Amino acid sequence: MDGPLVNEAVLGRVKGWRPYVEAKLGFRNHWYPALFSRELEEGKPVEATLLGESILINRVHGVARAIRNRCLHRGVKFSRRLECYKPGTITCWYHAFTYDWKDGRLVDIITNPSSALIGKHKLQTYPVIEAQGLVFVFVGHEEPPALAADVPPGFLDADRTIHGKRRVVRSNWRLGVENGFDASHIFIHKGSPLCAGNDIALPLGFAPTQPGTGTRPSIGAPGPIGLYDLLGESAIPVFEGTIGGETVLEGHFGEKRVADNISIWLPGVLKVDPWPQEGMQQFEWYVPVDATTHIYLQTLGRVTASPAEAEAFRQEVDDKWVDLALDGFNDDDVWAREATEEFYADNDRGWVEERLFEADIAIVQWRKLASEHNRGIQRPENL
Amino acid sequence: MDGPLVNEAVLGRVKGWRPYVEAKLGFRNHWYPALFSRELEEGKPVEATLLGESILINRVHGVARAIRNRCLHRGVKFSRRLECYKPGTITCWYHAFTYDWKDGRLVDIITNPSSALIGKHKLQTYPVIEAQGLVFVFVGHEEPPALAADVPPGFLDADRTIHGKRRVVRSNWRLGVENGFDASHIFIHKGSPLCAGNDIALPLGFAPTQPGTGTRPSIGAPGPIGLYDLLGESAIPVFEGTIGGETVLEGHFGEKRVADNISIWLPGVLKVDPWPQEGMQQFEWYVPVDATTHIYLQTLGRVTASPAEAEAFRQEVDDKWVDLALDGFNDDDVWAREATEEFYADNDRGWVEERLFEADIAIVQWRKLASEHNRGIQRPENL
Amino acid sequence: MDGPLVNEAVLGRVKGWRPYVEAKLGFRNHWYPALFSRELEEGKPVEATLLGESILINRVHGVARAIRNRCLHRGVKFSRRLECYKPGTITCWYHAFTYDWKDGRLVDIITNPSSALIGKHKLQTYPVIEAQGLVFVFVGHEEPPALAADVPPGFLDADRTIHGKRRVVRSNWRLGVENGFDASHIFIHKGSPLCAGNDIALPLGFAPTQPGTGTRPSIGAPGPIGLYDLLGESAIPVFEGTIGGETVLEGHFGEKRVADNISIWLPGVLKVDPWPQEGMQQFEWYVPVDATTHIYLQTLGRVTASPAEAEAFRQEVDDKWVDLALDGFNDDDVWAREATEEFYADNDRGWVEERLFEADIAIVQWRKLASEHNRGIQRPENL
């Protein structure tokens, strides 16, 4: 309902990944994690805006449910004043239109129990799946695929324990993806507490040696669809920073070798393996909220052999890795995305005025893959 | 001067009350109360924005006067720094253009007393009438009708004392009118301190029994023009709130019967009689300020027999009814209007995406009546 | 990149000075003072936005340099996190693109020292001249003229000492120029501490006696190009303020005669001589920052005979004249410009709805001169 989302002049000039540039609000018909299962209590709805749609998520008789957070009648948000008079239903605070959480059906109108509308209308509902301690919501109208089609390989492994945090970042979601999958961005981490604190090897950048390579796609059905970075094979890590031949800076020569395997997956989730050390992985999502904001949902994973080991791992993440990695390292990324937002948000000029360099081949290939394999673009008419 | 006020795509889809949807800034050529007489002191101009026009109201030799708050010369607001060097005039702080409050005539320019402009130009003035302790301003260019044409029946009765308060509400004025005249909205008042505090009967809603009725118009010349709600005849009050046949909530079974007679009048004023108890009435205005704000001017009235009785009534309103009714009850309404604003303000989508139900017949009839009988729509070119 | 800067409907109606109305962001290809030399330290870049362009200014090996504050790669601002690893260069905090301050050349990319881009690209640089304690930046792409073409006569005299301050004012730059060059605006200074504190004669306004005169242009090559106000010859100072023949106000009858000679120069700099007293001059710039903001750079000048005398004069400005004149008097001007902004910023309506009077002949002539003699209009495509 808001006029064109994206500058038409810019769209006309983009070659190779126009759908990606159009997807300012994200790709439709995909699964997105909205929050952690531990954040969702029985009968306590939580509001989450995904791809510009305000959604209310609740746990009803133990099952996670999601509905559009907007009464059909006068369009008000239920979340302004949550009212529930019977488990499994939600009643609008204004005229008492009452809906079923399961299918969105208008089951009653308390202020007018004889209304002909009752039973005839349905609020939009969203498929929800809980997995690995996360609540995934399918944003779209199509039949949803299995969750496995939209998460990185290994993420759903039964013996893997996942734990992490989420926060809101003030940049478009694509700047999150591109910062994460961009190997050269590690330059911003040169002073990170993780380097010394975990003794990892961290170069200043990567010099590609074979022009035109860079990634290996993974697009087989039933998915997921993504790209592996091939830095290890096609680039030399830069540990000596030089200007005019003179060494001015050095990378961090640590003992631990990490991040051998970096991959990006639709609809926008990064896997770094191992990270922040051997035996662990980082899976992180950049979930579109609106044009200028995304949810940065960061998780760490490890194979665990028992519930006790799983619990110990979660404790370790909370006690150690949040400070050292999820904050200590990734705060730099959050800062960088927010600092990049201005240029791309200014009438979308960034998409045509940027000047990419060799190391951006991975970003270019991600944009093309996303343009080709997404299941739909979020449009204003869906808002 | 601001491009189209209302989304053209929405206007094209509205059937039945397009002028009403166009009237985002209100209806022109009507009388609006801007403030209370007690707020207007001799020689102390007060700024009020009505229908998007910034107006300066003053008491000059005892008479209320209103002028456009914008110097003809460089367009600055007099109210930025009020300067008056001779009673009955106002001098612009910038180049000392000096105007007469009575007719807006440019009577002098202190910085250039020989200017040819003197006596040749006029600032826009607004007809003003004080009545029942309120200062009414006529916003428009046409010849104003009698004030009685724009206030509810009985309001001007000589033996009626009127007293109240005003505040600014962050919603379009129409959401004020529609909340007030909408009988089913009483659902939001179910916990109001007025129910118990004044022992009134307050149902949860109304179930219309005769489809298609709902209101009785009053459109005879010389006015006022409005609608009476016919709930008493055509609907059953709902005291038992049910979901799926199960009672989940009850209305308030008080002794006092109130609000038998509810009516709405152009240009946007509600009368509730009796209210908040027998012998009293509430008259309340929703005066457009700009596209997203209105002045909520609330008054209570009662027939009084003497000045002493009138004064006692005003004291009673201040001491008791402001807390219990004008705030205690109507704060819920203010909150509801502000919570509804988002949907209608979002590119005017509400007007085409709302889904009205049976009880909204009164609102539909108000929209049609207002579309047909208003004296003009406020347009950007008047701002 | 931001759609039309100026309301097209307004542009279509402006007669006589359309280029001036188009120049919302200022005139291109002119010299503008960005800051004082004393504010620019070696190796400590300062950000300044001029005509909508974010510029980074630095002192490199003693020489003032200016570059575009935006990395060619992903468009981020260097100023977000300044990094310099070798004197004379600046390194982008994100991917370590490294540029030379002198010519903007991309001299290295630390994260990828073998990049083919190195040596092939140039960041925009800006010509810079330091003179009279100010850092002047040439905003444009043309070959810059001598600085003398863009400053008032006498400003660059070798024996003149200049000292002052700068601040940001929340109005378009043209409202700064017009307030300064408008003789009648002195009405706002009637209560200024400078009147009594420095015993100057200050009328309330000026009554032009010869219609159609008002200014004398100075447009000879090589410039500068400007206008002298001819009030002394063509207008009578108004010391008696009257309304309807009755005296209501008086100007300030001081001993000192000041401001005999007032002139305005492209690209927007005022000279008042003498001011605030015999032997001194005020030179002040209104430098466009963006559509609604300008830098108000105020200086006072005096002929001095030795470095010691120059230093004593600077001290006198700091100790006495900032309080009494640059703040005490000009704070009123800042206030007036900000109070005028609303009308002109509202869809540029002011340019067609204003109603000028006789004393505005000087402003009209300035608008025409500026429209005819500017070296270019700042357009969105340059941002």
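Residue numbering begins at 1 within each chain, and the chains themselves are lettered A, B and C in the order written.
Just so it is clear, a residue touches a chain if its C-beta (ideal position, glycine included) is under 8 Å from a C-beta of that chain, and two chains touch if they have at least 3 such contacts.
The structure presented is a predicted model; accordingly, all values stated were derived computationally and were not measured.
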item	value
Chain contact topology (line, ring, star, complete or other)	complete
Same or different residue numbers at the chain B/chain C copy interface, by half rule	different
Chain B and chain C: spacing of chain centres that average the CA atoms, whole Å	47
For chain C, residues contacting two or more additional chains	none
Complex contact set, residues of chain B against chain C	1-3, 70, 72-77, 80-81, 85-86, 89, 91, 93-96, 98, 107-117, 121
Partner chain A, residues of chain B touching it in the complex	7, 182, 184-188, 204-208, 238, 241-244, 246, 248-249, 336, 339-340, 342-344, 346-347, 349-350, 353-359
